[in-house]
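Down below are the structures I want you to see.
Shared between the two complexes below is chain A, which has chain B as its partner in the first and chain C in the second.
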Partner chain A sequence: MTEDWRDSQEILVMDGRIKVPYAWSAGEVGTTYLESLRDAERFLGTRCPVCGIVYHLPRMHCPDCFEACPEWVELESTGTLVTWTIARRPHPALSPLAPPFGFGVIRLDGADTGFLHLLYGFGVGSLRSGMRVEAVFARERTGSILDVSHFRPSREVV
Partner chain B sequence: MVGVGMTVQRSSRRDVTGVELINEAVRAALSDAAMTRKDIDAVVIGNMDHFEGINYVDTWSVDGSGALGKPVMKMTTGGTTGTTVAMGAYYHVASGMFDRVLAIGWEKNSESDTTGAIITAFDPFWDRPTFGGAVAGLALEATQYMAETGASEEDAAYVAVRDRKNALNNPYAHLRMELTIQAIMETPYLAWPVKLGDMCPRTDGACALVFASEDVADDFPNPPAWVRGLADRHLWAYTSDPYVNQKVKGGTWFPAMEMATRELYDRVGITDPLEQFDVAELYLPYSFAGLRYMESLGFCERGGGPELVRSGATDMGGKCPVNPSGGVLSSNAIGATGLLRVAEAALQMQGRAGDRQVQGASLALATGFGGCYWSDEIVLGSEMPDVGRG
Partner chain C sequence: MERVAVIGVGMTQFARERPAETAADLVFEACTRALEDARLSIEDVDVVITGSNDFFDGRTISSMAVMDACGSYDKNVSTVEGDGTFGAAHALMRVLAGWGTVLYCAHHKGSESVMPLITNAMFDPIFERFLGIEAVTSAALQARAYMDRWGLDEETLALVSVKNHGNAFRNPVAQLPLETTVEDVMGSPYIADPLKRLDCAPVTDGAAAVILADREHARSAGSRAVRVRGVGYSCDAFHLGDRDLADPSALRDAAARAYRGAAIDDPARQIDLAEVSEVFGYMELMWCEGLGLCGPGEAGEMTASGRTARDGDIPVNVSGGCLSANPVLVSGLNRVIECVLQVRGEAGEHQVEGVRTAVAQGFNGPCGQSQCVWVLGGEE
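Take a look at the complex of A and B:
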């Protein structure tokens, strides 16, 4: 490498963009789950018949026991915030959302595993691991994980 | 390992194409081992999928890698790619099928959008719509770690200061800076509690290593660095719940790293890593990893990371210096990063690490970290292990 190549030569750079269309199938399990979110505003998980873990997001097979998990379990729309962060910088290629907003791992009531979703409607400095949160559903739902608009601190009375 | 080659690590290496960058590291490794291209029996190469938009890197790179007309295999496992390439080359040799195998890891991060490329590793239904990118993913871990242990942002900053200061001794490193904890604390938040100063850079660079069988290991000018043992564990948890296996596996802290560590330490006979390892080159992608991973690697109890690093035990001159090279916080050409950890550990075992040499080092730990909390771990020694010659 010539350390001062910038001084002697302007290197040509070609811009490129690979844009490939895909059509991903959600499969039967994913479709059942997303239809429930879209049509009934209800979260579903699956239970492993061997270890008893209730998975949310649902799995067709337990990744540990490797058995089919045919049993659906209805879950609450409330849960516990396991961990979180706040996005400070926009990244349009990744998300259309304007910062600041939160990312949180949420363990829904009735589930044993957490999942990642967005956090809005919280006061600055108010997020804590272990706090109670609740789902806010999108008004227009299309059969996507974003049919849940976001989670916010729970307004439930304990 | 009998030959080491690495390129200078820079934010942008526009002076060379990817193939030419690979070639730079390969020629350095061959020269180091006093070999020619014709002496190589097989090549293992890896980088990050989608980072340069080249899918069949094994084929595309043959003009530079030396693989022209030879067996070549691409291995890519995300952040652990570099350590996986090292393991793959080791398996090639250990199988008895090849005597001299070239391991190559490389990346030109400058040629794409790192986070935009990384998202293609995640599930289109369940992960991508709410995906926080590499920084936010690590921030989730840091938040959890601080909540459970009481560790502070200043504790993490200590690690960033340590690694970047070490890089002053490494002429190949990308960021070589003498900083203070205060200076790290004053950098802007990217995703709380992770600040710019806590994160690794994006780097262009390549690394190549020559693995040789014990039958020919004495044919090279430099003393070999020996692989004493290795282990790896991968898991997947829908991006979002690295703690799923905490439940499944009975309350462990970082399941993949702890499972790999147990297997590796049992195999090599490590009972007190802080005392037994002379040096460690660890894949610490951000400062908090330098606290938490020390616990999962058994250097201290859970929650003991801050006390361990602040004691100076992991500084140059300490009991077990961590990242004399400056580590990932100083250079992160991702596909090369894990292999650089192995290469740096090999140089330490050979006594050839220059200003960053830990004097008298004879046992080293090198690790790779990736994506959804998975782990590759390799122990290197200056002496041939008893097993090996059967």
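Take a look at the complex of A and C:
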């Protein structure tokens, strides 16, 4: 019997990288929202005329009622931390901030739904669901979700 | 439901890396095993369905690259991008549409790409993706919400990892049997609080296949044909902030639909065994509750009491689950296959005595956005 040729084989591996440019539309609602962050440091939501829910992130249509949500609502830059995590070992390409930073679902004051953003400037061990947080806007703003640099524990006086 | 049965199943060996096999080689291995198991040849198959993901495979129309390997020439072929439970549901529908024998296969080579970069891309490119969120960090948000809702500690979540890695010793195709303790899990490094390394499923290479048939074509399989009694699915909101992350409402809906078909009104009593997609330990607890195997918030206690252990009254993931092998897409199909083997009494060393009705669960999307449930076995 001859030895199986597969037993002594070293497998070749081709390294590659797919890099394809995209240009994703933010849409009409997304554009108004991001322009407001960029130009006025102001969060906007939309209200469903049927169920009355204020969506943030804003929505063109209410996913529950299937109705258009044409009404804009101005929201506060403060809110409540619904849930959170600390990214201890983020992939370098996925680190907009130096680790450790966090992710949170934040429900802004005036909104009924939460949204995802970064947490920074907190002591490890200090984060709690239900705690108050506030937005820190980026100095250079370009019309992106990162015009809000991150959220941090609120310094508001109760 | 019309009479449809699973008449053949096949899984490859699952491993962190299988460099000697291409994705197509893995598909061939799984399909060959499923055909052998069904005692059929590829000529007996009317329809072929493949499951693959372009991002993971690093090629567009990734399904086309495995067509040779699953014997699809001159056959009805369609392709599904998503978890294996959904792909198998597509196969079920092809049988119900009048095609006698349908082969569905799914593959995954996690070793060939970078998991966080790919799972990051499932998030919205305008509002979420550039924050750097991906599968583990988003799951961590859900784990925290679930712990907060029911006052659970990390040690309770760790019980799932200890149980399932231990179960994997009896499953010859599992990737990661581990003798581990709650202290070991707690001592493993945090990836994203509260999730630690041992709370998270590994990266895996592998493939699996099933063959479904209508009553006439299932006849040749005799008593080895396992009846599909009910399948249901349901979807929750895309944006994490729109959802109550602590409440597995989509799974509850999916289970209700599957149970309706299966005439199950008391799942905790009528289901003998469950295989769920616990890509992270806490998910097993949430999915048990969503499947109605216990009440909301009770799964931690149920696990701590040993009821979901191999010798418990409702064993969950005796195969070792996703924590012991997580070929994405294939994972849900593995859950279905494990249930089929258990109902047949052919699960080998991890066979549980007297399994008549088993339930399998899989999901798509972040934090179990879209859920699919299969009820298998039981009496005519």
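Please note the rule applied: the second predicted complex is superposed on the first by the 149 of 158 C-alpha atoms of A that agree within 3 Å, B and C clash if a C-alpha of one lies under 4 Å from a C-alpha of the other, contacts with A are read in each partner's own complex, and residues count from 1 in each chain.
The rule is simple: a contact is a pair of C-beta atoms (placed from the backbone, for glycine too) under 8 Å apart; a residue touches a chain by one contact, two chains touch by 3 or more.
Note that this is a predicted model, so its numbers are computed, not measured.
Undergrad: Once both complexes are superposed via chain A, do chain B and chain C end up clashing or fitting?
TA: Here chain B and chain C cannot both sit on chain A without a clash.
Undergrad: Quick one: classify A:96 as touching chain B (first), chain C (second), both or neither.
TA: Once the two structures are laid over each other on A, A:96 reaches chain C alone.
Undergrad: One more residue to check, A:63. First (chain B), second (chain C), both or neither?
TA: both
Undergrad: Counting only touches as set out at the top, which of chain B and chain C does A:8 meet: first, second, both, neither?
TA: It touches nothing on chain B or chain C.
Undergrad: In the superposed arrangement, does A:88 touch chain B (first), chain C (second), both or neither?
TA: Once the two structures are laid over each other on A, A:88 reaches both partners.
Undergrad: With both complexes superposed on chain A, which partner does A:116 reach: first (chain B), second (chain C), both or neither?
TA: Both partners, chain B and chain C.
Undergrad: Go through the superposed model and pick first if A:126 touches only chain B, second if only chain C, both, or neither.
TA: After superposing on A, A:126 lies clear of both chain B and chain C.
Undergrad: Based on the superposed arrangement, let me know which partner A:24 touches: chain B (first), chain C (second), both, or neither?
TA: both
Undergrad: Looking at the overlay, does A:51 come into contact with chain B only (first), chain C only (second), both, or neither?
TA: So A:51 only meets chain B here.
Undergrad: Based on the A-chain superposition described above, do chain B and chain C contact any of the same residues on chain A, and if so which?
TA: Touching chain B and chain C on chain A: residues 11, 13, 16, 18, 22, 24, 26, 30, 34, 57, 63, 82-89, 91, 93-95, 103-105, 107, 113-118, 129, 144-146.
Undergrad: Could you pull out which chain A residues touch chain C in their complex?
TA: Listed in rising order, the residues are 6, 9, 11, 13, 16, 18, 22, 24, 26-27, 30, 34, 55-57, 63, 82-91, 93-96, 103-107, 113-118, 129, 144-146.
Undergrad: Which part of chain A faces chain B closely enough to touch in the complex?
TA: Interface residues on the chain A side: 1-2, 5, 11, 13, 16, 18, 22, 24, 26, 30, 34, 51, 53, 57, 63-64, 82-89, 91, 93-95, 103-105, 107, 112-118, 128-130, 144-146.
Undergrad: Report the residues of chain B in contact with chain A in the complex, numbered from low to high.
TA: 7-8, 13-16, 24, 53, 113, 115-116, 119, 124-127, 129-133, 136, 139-144, 147-148, 188-194, 235-241, 243-245, 247-249
Undergrad: Within their complex, state which residues of chain C touch chain A.
TA: 19-20, 58, 114, 116-117, 120, 125-128, 130-134, 137-138, 140-145, 148, 189-195, 237, 239-242, 245
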